[in-house]
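Paired with chain B in one complex and with chain C in the other, chain A is shared by the two complexes that follow.
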Partner chain A sequence: MEIKGAYRIAATREQVWAALNDPEILKKCLPGCEKLEREGDNAFTATIKTKVGPVSARFSGAVTLQDLDPPNAYRIVGEGKGGVAGFAKGGARVTLRDDAGATVLQYDAEAKVGGKLAQIGSRLILGTARKLADDFFKKFSETVAPGTAAEKVALDAEGQAS
Partner chain B sequence: MYEFEYQKPKTLAAAADVLKKKKDAKLMAGGMTLIPTLKLRLAKLSHVVDLAGMKDLVGIKATKAGVTIGAMTTHGAVAASAAVKKAIPALAHLADGIGDPAVRNRGTIGGSISNNDPAADYPAGLVGLGATVVTTQRKIPADKFFLGMFETALKRGEIVKAVEFPIPKRAAYMKFPNPASRYAIVGVFVAETADGVRVAVTGAGGCVFRVPEMEAALAKKFAPESVVGVSIPTDGLNEDIHASAEYRAHLVTVMAKRAVAAAIGG
Partner chain C sequence: MTDMSIGRAVKRTEDLRFITGKGHYLDDFSRPHQTYAAFVRSPHAHAEIKKINKTKALKVPGVVAVLTGDELAADKIGTLICGWVIKGKDGSPHKAPPHPALATKKVRYVGDHVAVVIGETLDAAKDGAEAVEVEYRTLPAAVDTASAHKPGQPQLHAEAPNNLCYDWEIGDRAKVDAAFSGAAHAVKLQFVNNRLVPNAIEPRAALADYDTGSGEFTLYTTSQNPHVARLVLSAFIGIAPEHKLRVIAPDVGGGFGSKIFIYAEETVALWAARKIGRPVKWTAERSESFVSDAHGRDHVTTAELATDKDGKFLAMRVNTVANLGAYLSTFASAVPTYLYATLLAGQYKTPLIYCDVQGVFTNTTPVDAYRGAGRPEATYVVERLVEEMAAKLKIAPDELRRRNFVQANEFPYTTPVIHQYDCGDFQRAQREALRVADVAGFAQRKADAKKRGKLRGLGYSSYIEACGIAPSAAVGSLGGGVGLWESATIRFNPTGNVSIHVGTHSHGQSHQTTFAQVVADRLGVPFESVEIVEGDTARTPFGMGTYGSRSAAVGLSAVSKAADKIVEKGKKIAGHLLEAAPQDIEFRDGKFRVMGTDKEVGIAQVAFAAYVPHNYPKDLEPGFEETAFYDPLNFSFPAGTHVAEVEIDPETGTTEIVNYSAVDDFGTIINPMIVEGQVHGGIVQGVGQALLEGAVYDADGQLASGSYMDYTMPRADNVPSFKVETIVVPSPLNPLGVKGCGEAGAIAAPAAVMNAVHDALRAVGVDKVEMPATPHRVWSAIRNAKKKAAK
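Coming up: the complex of A and B.
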């Protein structure tokens, strides 16, 4: 399952890039993130508590940054185990582009869920993933450019931010 | 199931009090979603606050203006109610199609709308009929009650007491159910009310939504062919192993057409 989207952030590409690599900012913006600690240059351990309707599960796992191309793009990949609830893994390719003094951040994410969560919740996973991605990038935009509201950018037929 | 404390308060005020004081407490109405979730250990609660036994919350009252259904009234009771069948047959039909007999015998209208599952039937009924949700604190129009997937306008400690339905001129609900769970893959509620035509869709997106283009077309001419030309965009629609977003978008038009035909016919 794939989730795409784009946001226009009122900050320079360098500022956005720095924030994308700052565990403190990521932690603040990841919905339900209780812990995000640096393990290596581009590796982190994370604990995330998600709540979707009646279901709540706590995932612990690893987050890594790959294919770094500063300050243009990277891939953020995560994999976590949620105990009896099952497991989740996913990644997002994030690209940045200058846009008249601001930056357009575009993401292409995919998510996989297994175990009990997938068994009973398969019909809810896309909606949940979409909401988590939206919540994250909205908060991220607002954190990087304080005082401005997150501005969603529409995607064209090819899936590119116009 | 993880261990939790079971409470059965006598008053709504006492129930609200537990919810306010205990962060991991949850209300239970019929328990048709909560119990399976707990059994699978997909949730860990400190307290389950059972509303069973609050007689004030059970019952159906019909007047000339509308039907009021208590929050703890089961789907089975709504489906079998002579008063509902007479005033709003579409609503009795909707309740009769929820889940299976066991679910209809335990599940309640208050529980269903407070949970706001994206594929639940009642949200379409409430939005389609322009109902009003009566809570312990205020009255909320259905259009402002359902905010998103599993999200409602309810605040912590606020409890649904009843739902007030105005009587429409004519209405019908048609759904394409998942053959196993009977959840709506897509369900469409169409109603011609005193305030105009309303079309509410459940199952297709993250939350119930209205289709203004269909409402406008039906306001001009209340006939099945009016909605045939209206297709809804696939943006934001659900996609899973049962149906793609395109298929769901297609089903919205098909179900709307059938609902209009049923509303005219009955």
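Coming up: the complex of A and C.
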């Protein structure tokens, strides 16, 4: 399941890295996020409301930051229970690269759902996950470099940001 | 002579209420102070339950109770059973891991029942279910049928190592192997019989009530067999003693087997009703039905056929791995064994047959009988092998069959796989089918289609099946836990009309009409004066229900026997009234007449005399009511030939069925319109399996085809107008000579359609397409064959 993308952000790598680890910013940018609270060093609890096809659900669960390699890369992983709708799991590997004073952020994500969401929304999950990831990183880019529009970067044949 | 008699296309009397919205389906029923149940189901295919937290759920307004598996077990409610013990190759009984109605330590399929929330309203119950917090520790899932019993797979049950329920066989392996080594020709096929979701239009439902004053339970349930449900719930699950449990199945909107079984929901509803002291009602939502109704089919098979140089069948060798799902459902063990392998002789005189079946557990919805139950799977094996052999030997497929048919003068014919066919005329049915399908004109139609860039194919399915289940001693000897007889009470009222109370239960089979036709005919009473009563353990004698195309062959045989008793008693009463000896009385057209005279009395008068016995034989009991129980002498064997003609568009892979012809022998036909309807319905389900349907699980055990957006149901434009005819070879083994017709279409059609698809595609180098032969699969197969040819 391919959910990949990249954005050029008009900010330094250090600034982008800090924002990636800031719960206030993460909460603002995660679509449908109602709550994001720090639990530990790299762990948060979150409540996110989202819709996959005809099934809406409120997911409560944990978000953790893993494999931290500041200020270059990390993995952000979330796992939430959606009540009767089922569960959702997702994660993204995020890498940062300098680009003439700006930063190219690249993400590579995967998502899995189970229960009623999978039953009814299987075919829609890829599209929904792509949109959610894109919405998050777009908002994130605009938040970190206010006043600038998020600039999407094309990926080459190997999936690398050019 | 009444107009309403056997053989007439009498219009259905049940239609008035069904098409004017006046049917009484389960969801239409309510009891005072009733509550509603919503089940909490596992979203994981395989997981340990670490904790169930009810606290938030109990605080939701309107929630009356939240109940779990531990509480169910503490109240000593037993587990759901499988009623047929299969013995493996080593003689040991199959592994029967417990199947709790509410899971305790582990969940084993997506949809598995974890808890039930009872609410004042349905919304309160659903809100409560939303608030139940379950902590799971997920486990890897075993999902693939073929590999589930191989080493290294996630284990579902401690009681079933390697997820193997049984390893069963039938036939002499050594003799079959020897026949293969000496044979001139052999073909080998490997294929899947795709998993299906039953999709009865009415979802399952239950309404349970416990009367604290009398200690009696009443269960309304969408069951095909209320007495069997009562027996199982009482004797095995321990809800209540049988005499304190009334089970009512009102109008039921389709079942196809899925409503035979005793499920968690009605079990839990009964237990909860007593626990909370109020009625509990549950109706499935469609997405629940998808994961909780027993699924059908799901076999992976390797099959081989050996012939001599002239195409005479010498031997057949089959291995099947059958997916039973996460737990054994009520009849699951028998479907891929005794309802399957015993049909591998087909209509042919193959002398040696060997089949072994591994029944496996996987983290998927339990699998059990679904329209045809084992016989569609067997017909697919036999008829695909026959047609591949015909292609290999370059013998016309119908001719190859003729060289091997059991001849009309060779009955009764004992197959090498237990069944003894009573009668039939396979050649005649095939001959008529060739005519109806205009096989002679096919070559021209195929050439014309080719000019238009289309591929036409013709496929046959000469099926036979075993239904009218079944002789009790026979099923008992094979491991069946019940007898499969049937019952009927014929009760005349003083005013001459009559009610028939039977143990079968129509859920689309038109008993209200056809049973009345038979009674009207036998007893010479007006059709309108006959009432058929089914589906209520308080109103009917014990019966085994409706499935396996048994209601006519077994149920009507019981009615016929009861009618014999009525006539016998009537003769005694008439004799008294007419001052003649009973042996001098003949009964015809509703009248008892002294033979050779015109002294007669009508059956209505006789009935009245029995209830107002002022002028009545001294030694005869009053009343005019007789009961009969009938145990069939054998299965019944409907058979026939279906011919499918398809046209495939190689650009899109779309398969159009341009013609479909069916010539079936169902024995005596009671109502040709209803029989035709049954055949139509069965064929459409068979076409669904062949071209459209298929339950798909992903590698994690999630049901990906869990709604009608992804599970393709057949629609009117997927099928042509069928050409349906019958030949009649009455069975000598039951009073009416009927054989049963409810499942034949679903049994024959997948093979007919897929043989046609393979016939069409052979011309472009494709040798295999699996069911469902979706446009994508067909298109890909054509493309791959082109690539291979290009190399």
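FYI, the second predicted complex is superposed on the first by the 159 of 162 C-alpha atoms of A that agree within 3 Å, B and C clash if a C-alpha of one lies under 4 Å from a C-alpha of the other, contacts with A are read in each partner's own complex, and residues count from 1 in each chain.
As a working rule, a residue touches a chain if its C-beta (ideal position, glycine included) is under 8 Å from a C-beta of that chain, and two chains touch if they have at least 3 such contacts.
On a predicted model such as this, the values are computed, not experimentally measured, just so you know.
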(request) Quick one: classify A:52 as touching chain B (first), chain C (second), both or neither. (result) first
(request) Could you look at A:127 and tell me whether it touches chain B, chain C, both or neither (first, second, both, neither)? (result) first
(message) Comparing chain B against chain C, which has contacts with more of the residues in chain A?
(response) B
(request) Using the touch definition from the top, say if A:84 reaches chain B (first), chain C (second), both or neither. (result) both
(message) Just checking: does A:66 make contact with chain B only, chain C only, both, or neither of them? Give me first, second, both or neither.
(response) neither
(request) Based on the superposed arrangement, let me know which partner A:115 touches: chain B (first), chain C (second), both, or neither? (result) second
(request) Enumerate the residues of chain A that count as touching chain B in its complex and touching chain C in the other. (result) 53, 83-84, 116-117, 120, 122-123
(request) Sort out for me which residues of chain A touch chain B in the complex. (result) 1, 52-57, 83-85, 116-117, 120, 122-128, 130-131
(message) Touching residues of chain A toward chain C in the complex: what are they?
(response) 53, 81, 83-84, 86-87, 112-120, 122-123
(request) Write out the stretch or stretches of chain C touching chain A in their complex. (result) 40-45, 110, 126, 129-131, 133, 287, 290-291, 698, 700, 702-707, 709-710
(request) Could you pull out which chain B residues touch chain A in their complex? (result) 26, 33-34, 36-37, 40-44, 115-119, 148-150, 183, 206, 236, 238-242
